[in-house]
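Next come the structures, one after another.
Below are two complexes that have chain A in common, paired first with chain B and then with chain C.
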Partner chain A sequence: MNLPGSGILKGMAVTAVNFIGSFFDRAHAKRLITEQYPEERPILVETSRSFPFLVFDGDPEKGIRCTACKICEKECPPQCISIVKAKDANGKPILRPQIFDIDISVCMGCQICVEVCPFESIRMDNIYEVSAYDRFGTLVLHKDQLLKSNEYYRQIHPTEAAQTDARIEAVRVKKAAAKAASAKAAAAKAAAAQAAQTQPEPAA
Partner chain B sequence: MSFHPHTSSFNGVQGAGALDVSLGPQHPSTHGVFRMNVRMEGETITKLQPVFGYLHRNHEKIAEANSWLGSMPYTDRLDYICPITNNWAYARAVEQLAGIEVPERAEYIRVIVGELTRLQNHTVFLGFILADMGAWGSALMYAFREREKILDLFEWLTGARMMVNYMRFGGVRCDLPVGWLEKARAYVETYPAFLDEMERLLTGNEILLARLQGVGILSGERAINGGLSGPVLRASGVDYDIRKVDAYGVYPRLSFRIPRGTVGDCYDRFMIRLLEARESIRILQQAFAQIPAGPTLNPAVKQRGFKPPAGEAYGRIEGPKGELGFHLISQGGEKPYRYHVRPPSLINLTLLEEMCLGTKIADVMVILGSIDIVLGEVDR
Partner chain C sequence: MHFLENLPLATKKYILDLVEAGCGWLCTKLGIALPPWAMPLLLTLASILIVIVAILAVYLAMFAFMSVAERKILARMQNRYGPNRAGWFGILQPVADGIKMLTKEDLVPRGADKVIHFLAPVVMVAPVLMLPAIIPYGQGMVPVELSAGILYFFALGAGTELAVFMAGWSSNNKYSVMGAMRAIAQMISYELPLVMSAVIAALVAGTLSPTGIVEAQGGYSLGFIPNWFVFTPWGFVACLLFFIGALAESNRCPFDLPEGESELVAGHLTEYSGFKYAIFFMAEYVGMFAINGLLVTLFLGGYKAPFPFLEWIPSWGWFFGKLAFLAFSMVWVRATLPRFRIDQMMQFAWKFMLPMSFAALISAAAWYYAGRGPAAWGLSALIVGIPYLVLGYFCFTRRHTADNRTYLFSE
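And now, the complex of A and B:
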């Protein structure tokens, strides 16, 4: 039979070890994992995600990957995306968004928009300091705020960006190859037609 | 004297010394916004009526208006302490509905993250039940410190600490990052030391024993009749674990034991979590050794615009809190026709009054804490 109170004393010993140990654990390894937030900032892991942004290559106006297909708008579970397709001078719709708004006070960061996007144009950011006084003035992000360069994407998610770039490159190579093949075929056809046209001449 | 004459649902006060108290919803020990209308004679409970619904978010109806995939992130928010097992239960129900095969590696990943979730849940439970007993501080902080390390693993894997949105129909969203498995294995090696420390801190403590032993006794028979599941049921001595009963996923290949209580009091419910955490470590070690290479998502399944055939399915798993099931009815469309959640927290609460009658008011919080509820799941 244990001495009465020995259980409490044992527990107090554990508390003491933790209390004293926290002074000797500056590496945040075991006993002390609190971060002194504004002074010390967390080092985010690469996969960390918060809100979506739009990727562009090179020029923000011409290089925008989004084609305003509205798949993300339809699939977004809390429906926080709103897209309006752009029109050219004649009023004909073109494959570019005129308006692209994301209400990040509604967005829950589930990244379903990223998964459904067929053009690799929407990706997850890792910003976290977004508090504001005014919801509609600051928390509804417009197209110009959402557009961020591919270099930025490579910087925050290197592995994922490399995979995306490889996929885009593969599609480009395939398209170029198909184009070259069709051009070659057309050239061959034209040559054959010409040959057919020039062939009869000596016979005639 | 009646404490809240207008809001209390009891009619009038009977007998001298009877007191009606509304416990909650803003009470630090009600694990969120749970409310109990309690009638006391002196300090002894003579009646207890739970009031639900303060955190109702229309989860089931929203799911019926959303695509099948669109409900996956919402399931994270049911039991927000363990989102991955919620994902798993929903994915499993849909897989049963549509007859989808899951690749072997994905099944192992599910077991690994599911058991890490169980560790996490039981860790937090150890802290919370101490807080319910009035020991704010040490135990809760140690538990949260430990949980943080598991959340770091989840963040690395899924991109989010809690709202993971990780499972997909026929697998998981992404493969394990390079180095994740080694880190997780190294972490799991250190976890028993934490459990030992918690046991040194708590299990011998005379005050803790006095507060837990013989309080809120529930017989196995009553627990079965009430439809209880999970650690609460097993603490009453019933050998029922869906991991063994249904033998889903790769659980049949892993050897583990099902701890059981003998008395069915709060102490058994407390100890069973410690024992289950130790069994989870065994499962994890086996899963780390066995996990094969291969695909993590069934390529035949179209996630966007997913349309299961018309039919009905009930998929369930052994969540950290008990049997978590999803009952889905499909009419072949892009949205579920009916989507129903069977939350373990809510069903485990049904026998709360029975456990509390005749105990003191201070014990009510301990009994409620020993059931381990999360209001996100109770009210949905």
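And now, the complex of A and C:
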């Protein structure tokens, strides 16, 4: 049986240890774990994600991966994506987005657009300072704001980016192989045809 | 040493001399001959004014500092930083808070009793600002030398209960009334052990004068242990009882039931905003400092130094040091203990603190008449120790459970 009142003393000791420890244990980050936000930035975990962005390779105009297929627009649960296909000089649609808008005040960060994209062109960003004074203007991100390079993607999500790069590389290799094979087959066919043609007629 | 010790009194005398010289110069300049009673009257008024200004300045500065220090200490105990944005280490936080308070709208509810609603903060702050008058801050530094100072303190201190109920009743709000009723119940219950433990110190010192009580604690036994009342068995118990009672009287954790924000919004302060709220807030803190000052006076040896070799620190330095320690302890307790339930709070007052204060009173009397020697020590320790164990084991170790309720109108 404890002495009456000993529980209070124990509790007081706990708070005292915390109080004194807060002046000494800072280096070990045991206490005072608050990040002093504007001065100290949080170290984000690699899997952290906020809003989608568009990946391009090399040149932001030519290297854009998006083909304006609108799958993400259709799949987006809160319907925050809006895409308009680009047209060439003759008014014929081409595989480029003319307009690509994401309303981040609507986006819920579900990553479904990333899952469904067949061209690995939309990916999740980890920006978090997106507050704005204007509700309808600034919170709608346009194509030029959304376009970010693949190097940036490698920097923020290295593991995912490596996997994506590997997939693209595999597709490219496969396509090249298929192309080579078809070229070879065509060449063989042509050669065969030529051989048939050039084969001298047996003397009758 | 002597310079620092005499600094407050010398400053007062210097200002009085200035006033006297200035008045004399003015009179000769204007060619007025003052009647012989005028100059002493003027000087008395001037000295009263100086003391009032000094008390107000010191207490309000302590209040401002405490409001930020409390939050910082509390934060450290909860592994947070606390306010550190306004100024250097958050030192300008009270200024920011004050400006915020003053610029807020002063709301009066439509159904409120407007006169009482307005008067309540005034009735609250007036007695509280009069409390510090009898506390001896240093050697010869007592603003009003009252022979019944303790009586004066408690008589005035009881006035705040009226103000709390005025605030609660006039707000025309159920939370306010409930908070005010709790406050009345709590303050009256804890006034008893509080006064009883003050009586103990007065009994042993043989006087109700705060200065007399401090002087009774002067000197050292065995050459180094100060003769403070807290270092005797009965004094230790009475000091703790007084501290707990002071917590309850100033509505601080764990006795903040009257304004428990998770239960009663803010109790009697619910309908107050802006400057009136700030007045209540200030009264609470000044009252807390005053009652801590009385605790220092009664049990912690007032302005006396704890060791003979530390007497070079000025006496008022010791007083305010002890006061700071007590204020820190109150924050410490606030960080540690959760709020009482209302029935626990009443039980604790009537079933534990009141019997313990009677035991401490008897123990003090026994110590006094048994010659203050080792035998007296043992006797008085027994007289407070046995009730403590008995009450502790039999009143509070059994878990109290409410009877099963039968709900008449809901199923």
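Note that the second predicted complex is superposed on the first by the 196 of 204 C-alpha atoms of A that agree within 3 Å, B and C clash if a C-alpha of one lies under 4 Å from a C-alpha of the other, contacts with A are read in each partner's own complex, and residues count from 1 in each chain.
We take it that a contact is a pair of C-beta atoms (placed from the backbone, for glycine too) under 8 Å apart; a residue touches a chain by one contact, two chains touch by 3 or more.
Please read all numbers here as calculations on a predicted model, not as lab measurements.
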| said: Applying the document's definition of touch, where does A:Val116 land relative to chain B and chain C: first, second, both, or neither? | reply: first
| message | Looking at A:Ala89, would you say it contacts chain B, chain C, both, or neither? Reply first, second, both or neither. | response | neither
| said: Tell me which partner touches more residues of chain A in the superposed arrangement, chain B or chain C. | reply: B
| said: Once chain A of both complexes is superposed, is A:Pro77 in touch with chain B (first), chain C (second), both, or neither? | reply: first
| query | What is the contact status of A:Gly11 with respect to chain B (first) and chain C (second): first, second, both, or neither? | reply | both
| said: Quick check on the superposed pair: does A:Met108 touch chain B, chain C, both, or neither? Answer first, second, both or neither. | reply: first
| said: Looking at A:Ala196 after the superposition, I want to know if it touches chain B, chain C, both of them or none. Which is it: first, second, both, neither? | reply: neither
| message | On the A-aligned overlay, A:Ile43 touches which partner chain: chain B = first, chain C = second, or both, or neither? | response | neither
| said: Counting contacts the way the document defines them, which residues of chain A are shared by the two interfaces, the one with chain B and the one with chain C? | reply: 4-5, 8, 11, 14-15, 18, 31, 33
| message | Which residues of chain C touch chain A once you look at their complex with the stated criterion? | response | 73, 76-81, 332-333, 335-337, 388-389, 391-393, 396-397
| query | Okay, in this complex, where on chain A does chain C touch? | reply | 1, 3-5, 8, 11-12, 14-16, 18-19, 22-23, 31-34, 36
| request: Write out the stretch or stretches of chain A touching chain B in their complex. | output: 2, 4-8, 10-11, 13-15, 18, 31, 33, 45-49, 71, 75-77, 108-112, 115-116, 124, 159
| remark: In the complex, chain B touches chain A at residues 66-67, 69-74, 138, 142, 145, 148-149, 152, 155-160, 163, 165, 173, 177, 197, 200-209, 303-304
